[in-house]
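For reference, chains read A, B, C, D and E in written order, and residue numbers begin at 1 within each chain.
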Amino acid sequence: MNLMTHLPVLIVVVPLLSAALCVLFNNRKSAWLITLLASFFCFYASINLIQIVQEVDVIIYSVGGWEAPLGIELRIDALNALMLLVLSGSAVLVSIYALKSVEKEIPVQNQVLFYTALLLVKAGLIGICVTGDAFNIFVFLEISSISTYALISLGHDRRALHASYQYLIMGTIGATFILIGIGFMYVMTGTLNIQDLSQRLPVVADTSAIRAAFAFLTIGVGIKAAMLPLHQWLPNAYAYSPSVVSTFLAATATKVAIYVLIRFQLSLFGIEFSLLQMPFNKILMILGTIGILGGSVSAIYQSNVKRMLAYSSVAQIGYILLAIGLASEPGFTAALLHIFNHALMKGTLFMALGLIAFRFASTELSVMSGIGKTMPLTMAAFLIGGLSLIGVPGTAGFISKWYLVTALLDASLWPLALVILIASVLTLIYIGRVIEVAYFQPAPEGITQQKVPKSMLVALWIFALSNIYFGLYSDISLGISSLAVNQLMGVTP
Amino acid sequence: MIAAAIVALLITLALTLIRAFMGPSIYDRILAVNSFGTKTVLFIVVGGHALGWFSYVDIALMYALVNFIGTLAVMRFFEQYSPHGERS
Amino acid sequence: MIANLELVIDICLLAFLIMIVFASIKITDLFAVTMLFGIFSFVSALLFLDLDAVDVAFTEAAVGAGFTTVLMLSALRLTTRFENVKHRHSLLGLPIVILTGAALLYGVADFPNMGDANAPIHHHLAPDFIRLTQQKIDIPNIVTAVLASFRGYDTFGETVVIFSAGAAVLMLLGMGHVERKQEPEKNLILWVVVKPMIALILIFGLYVQFHGDFGAGGGFQAGVIFASGFILYSLVFGETYARKVIPATILPRLSALGVLIYGVTGLMSLISNKPFLDYNALSSNPVGGQHLGILLVEAGVGLAVFSTILLIYYSFSGREVIHYE
Amino acid sequence: MIIIGWLSDVCLLLGGFLVLTGAVGLLRLPDFFTRLHAASVTETLGAVLLIIGIMLDTGLMLDTAKLILLICVMFIANPTITHGLCRAAAHGGIKPAMETKSPMQNSTPSDSKNIYENQIQTETGVSGKAPK
Amino acid sequence: MNEILGHFNYGIVILLMMMGLYIVIASSNLIKKLIGISVFQVSVFILYITFGKITGGNPPIIVDNVDVYSNPLPHVLILTAIVVGVATTSVGLALIVRIREAYGSTDEDDINDIDKNDNFYLKNRSTT
């Protein structure tokens, strides 16, 4: 029984069973330990998977021993490997970070269940990224969503409950739209396996059922990915949830939904149908630009820094959608790069806010005056994250912005490149607001140097330094993204 | 003859449904819902026999039990809302 | 005679569904709407039975009409009963609904006629499922075979969904504690009748659990029937006695145990280097392995569903009613 | 053999007729308790007759045994529910129509409506406002 | 005629879906929204099951001397989807109970008003 061949399924099953173990042992310390071990295992597994994928292009693992269209198969190519790296990387850092932050923010009797729900969200998201079966995506989407509703509602403010309820209603409608889309495709082709569907769809592609299926799937996944008109749930959900939850969700949840969008657009429907025949690339570009500008502008007017970052997430998702809308090879590379880098940026910023919330129990801008002096390390990391968000050269943000702008210029869409620069200036404004409050306003007297738990600082600084590392040596992130794009564009892996 | 019984049952279901919608007080609705449930059980037994549904008796038995529990639950939870029942 | 009888039944049931939903839009008393939703689940389960979906009818009736109605009633106990009608915004709702309806109708136009045998879905996977179930797994109920063996990974995900719902409700409402003074007043007739009924329900639950391979039944339905047996006990004899029979503290562990049973059955096939959830590795001859695997998996699912549903009921009914006068 | 077939047809007919009259009674009768009476009595007997009709038709099989079990369940469950409902309604303040008015007036079903109207009004005042 | 009859079921199911969606959007009561979502989901299940039916076919339980079985796959998918629906409904109801205790009302518009003056109150609270 060598471990290597069973990695694709173990990376999903280990977190699921450890969530059950957490409830079985029902003790806070062991729950955190189990979460940490499961996250390390997933990180180790995702690194091995990347190496295997670079040699053998695609890993196919049929669960239950039944061949592909009959049983469910797990299919991992470069795109999945990239997503798995992002997911398990941020999961490890979040679980290191979680110990002290959970003790401070979550009531004692809920802490064991908090770790269980966190593990379930992670397993659900990994399950989505690993499976090659359309209906299985729906099942794992529901696993992660139900645990996310519970986690968001644990915020100390009563508005967290209302935000979680609105997310539940929107999320369930989205999931049901996805179910309708899968049903329509199943009726016309008779199969649920993504690979099998991509071969059988071109025959039936011009029927109205497949166009309706495409529309419903896109709207359903759009709600989960907070595409522009469907993003109302995101600001409240991220702003009022506990800091550990908003860190993990901001870094991974919407990215996985965008992965599902890419998987459906490219490997299921094929590029010419989804992006060109249906005028979807234009729609994506329009939604992307409106998202970028709208998100950045409304981020400026927020008084709660967490809500500000939530709106900036909407803007960053606008970048990714714009990159996908280009429907060109550099465009997809820029999109995948930005998925990778955005996880790093948002992880740093939200973790820094978590530390501030740990100390001041609130993330209002008015609370953070003079923090540069009282919490120097945290604000330094926040500064690195902010610069990376703006896209200052030498940080990860710059790499993805650079590739995006070059992709836009290749497609000779220079007005959109201008929009990107304007958006960077807008980002500079709202990050500048926070920096100005933190460094240039006097700290209220009586607030001395604050001692902050070491484990949280270590996790924060690993995120911040990785921001810089992937800014300077982008061979890993670029290598995997371009490999993934070649496979997708080649479309017949 | 079985077709006549089925049609009679369908009409009964419809009439009970009308009472469920119109019922002035909540107790009329509980009564209509309960009798709708029992009529459904009968409909399954007769329809299952006529149209050859598979293992219709298990389902009919299960319906009878679920309907019993559901109606008991409604009465139990409604106790507190009636004017005389003191709020728990 | 049979064909047009089925057509009449089909049309009548669909008409009932439309009437029920239309009425539940109009009625503002949430108690009545919940009961109408109970009938809605019953009639849709009838429709499933008419459309040859025996297992689904069983589950929809047990889960939809049985548990969801009781759950909504216990939620109504803790919240207000009447809907505030003046806040209706139907002008926002209508355009979105009409747009989605039009998109759905546009999509459905190209579907093959309902029930014709040469639709694509009947020729690609279905014949292989039927043939392979007879050869490789050899149990009469193809749905249970596909559910537990061919697409066992889906059902594993689904057991984790019900487990995560239990964890979520536990996080939100806690396990509830009962020292309310108002226990249900003594109703001798109910007490006498309900005692044998509960025995019947529990035995019927066991029958459904192990009858899953042959007829309608399986892990989910059995779990729900078991749980409604205990819910009936707590409804009639009061929550304090029910919690003495099954304390709420062990229920989360039981549902975790159910998920673990399912997971470990899957992992056992990894030992002999077969893929996850491959039941052929469980015993010497593959068909025996499949039977053992399906039995274990259904037991895991039954345990998880039973304990989660009872846990959710305890969380709701163990909570104090707060008055806002 | 023909007698059994004929007998099952008679049972089915009688059962169907009974169930139908119960439903009509449910609609037409003026007051809650009379409707309760109409619905439950016909249901229990109608159920027994219908199921016996089906049992005669299926002959001696496993299904017949299950049908007998079903008859017992329905025979026990239905009257209990009716009893419970009747107790709850009486406990819940529904007055039989005759008590409140002289026999002449309560024939029109409309006035039994306003007994319940004011009862429902008293309840709508229940939903309170947020504790500040 | 056969075309219309063939699609009659789909039409009614789509009408049910739209009624469910209408309840979700139009009603401001939180519990009514959840009931609307359940109606919407159950009608999607009915749509799935109507795919799998073959006229004259038997339920997918192997009985000798029968060869036309209706398709077992939609039944498996719907068994999973029903449990997912119940899980979402129970979490939603738990949330509503907590919202009722925190806000004192289960009406969307009352809660939005309370939220608005919460934000206003929090924004200009002087820092400690």
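The rule we apply is simple: a residue touches a chain if its C-beta (ideal position, glycine included) is under 8 Å from a C-beta of that chain, and two chains touch if they have at least 3 such contacts.
Every value quoted in this text rests on a predicted model; they were computed, and no experiment measured them.
Here the chain-to-chain distance from subunit C to subunit E, counted in touching steps, is 1.
Looking at C-D and B-D, the interface holding more C-beta pairs in contact is that of B-D. A simple rule picks the central chain: find each chain's mean C-alpha point, then take the one closest to the mean of all protein C-alpha atoms, which gives E.
Inter-chain centre distance (subunit D to subunit E, centres taken as mean C-alpha positions): 31 Å.
Note: centroid distance subunit A to subunit D, computed from Cα atoms, is 56 Å.
The centroid of the Cα atoms in subunit B and the matching centroid in subunit C are 19 Å apart. Subunit A and subunit E have centres, each the mean of its CA atoms, that are 26 Å apart. Residues of subunit A found to touch two or more other chains are 135, 139, 142, 146, 149-150, 153, 180, 186-187.
Shown for subunit E are the residues in touch with two or more other chains, namely 21, 51, 58-59, 61, 63, 73-74, 80, 84, 87-88, 91, 95-96, 98, 103-105, 110. Taken residue by residue, subunit D touches two or more other chains at 73, 77, 80, 84, 120, 123, 126-131, whereas all remaining positions touch fewer.
By the touch criterion stated above, subunit B contacts subunit D in their complex at residues 1-2, 4-5, 8-9, 11-12, 15-16, 18-19, 24-25, 27-28, 30-32, 34-35, 38-39, 41-42, 45-46, 49, 57-58, 60-61, 64-65, 67-68, 71-72, 75, 78-79, 81-85. If you check the complex, the residues on subunit D that touch subunit B are 8-9, 12-13, 15-17, 19-20, 22-24, 26-27, 32, 35-36, 39-40, 43, 46-47, 50-51, 53-54, 57-58, 63, 66-67, 69-70, 73-74, 77-78, 80-81, 84-85, 88-89, 91-94, 112-113, 116-117, 119-120, 122-123, 126. Taken in their complex, subunit B has these residues touching subunit C: 3, 6-7, 10, 13-14, 17, 20-21, 23, 26, 29-30, 33, 36-37, 40, 43-44, 47-48, 50-51, 53-56, 58-59, 61-63, 65-70, 72-74, 76-81, 86-88. By the touch criterion given at the top, residues 1-2, 5-6, 9-10, 13, 16-17, 19-21, 23-24, 26, 61-66, 69-72, 109-110, 113-114, 116-117, 120, 123, 127, 131, 133, 135-136, 139-140, 142-143, 146-147, 149-150, 153-154, 180, 184, 186-191, 200, 207-209, 211-213, 215-216 of subunit A touch subunit C in their complex. Remark: subunit C residues 1-2, 5-6, 8-9, 12, 16, 19-20, 23, 27, 29, 31-32, 35-36, 38-39, 42-43, 45-46, 49-50, 52, 54, 57-58, 61-62, 65-66, 69-70, 73-74, 76-77, 81, 180, 182, 184, 190, 197, 200-201, 204, 208, 211, 215-217, 221, 225, 228, 231-232, 235-236, 321, 323 touch subunit B in the complex.
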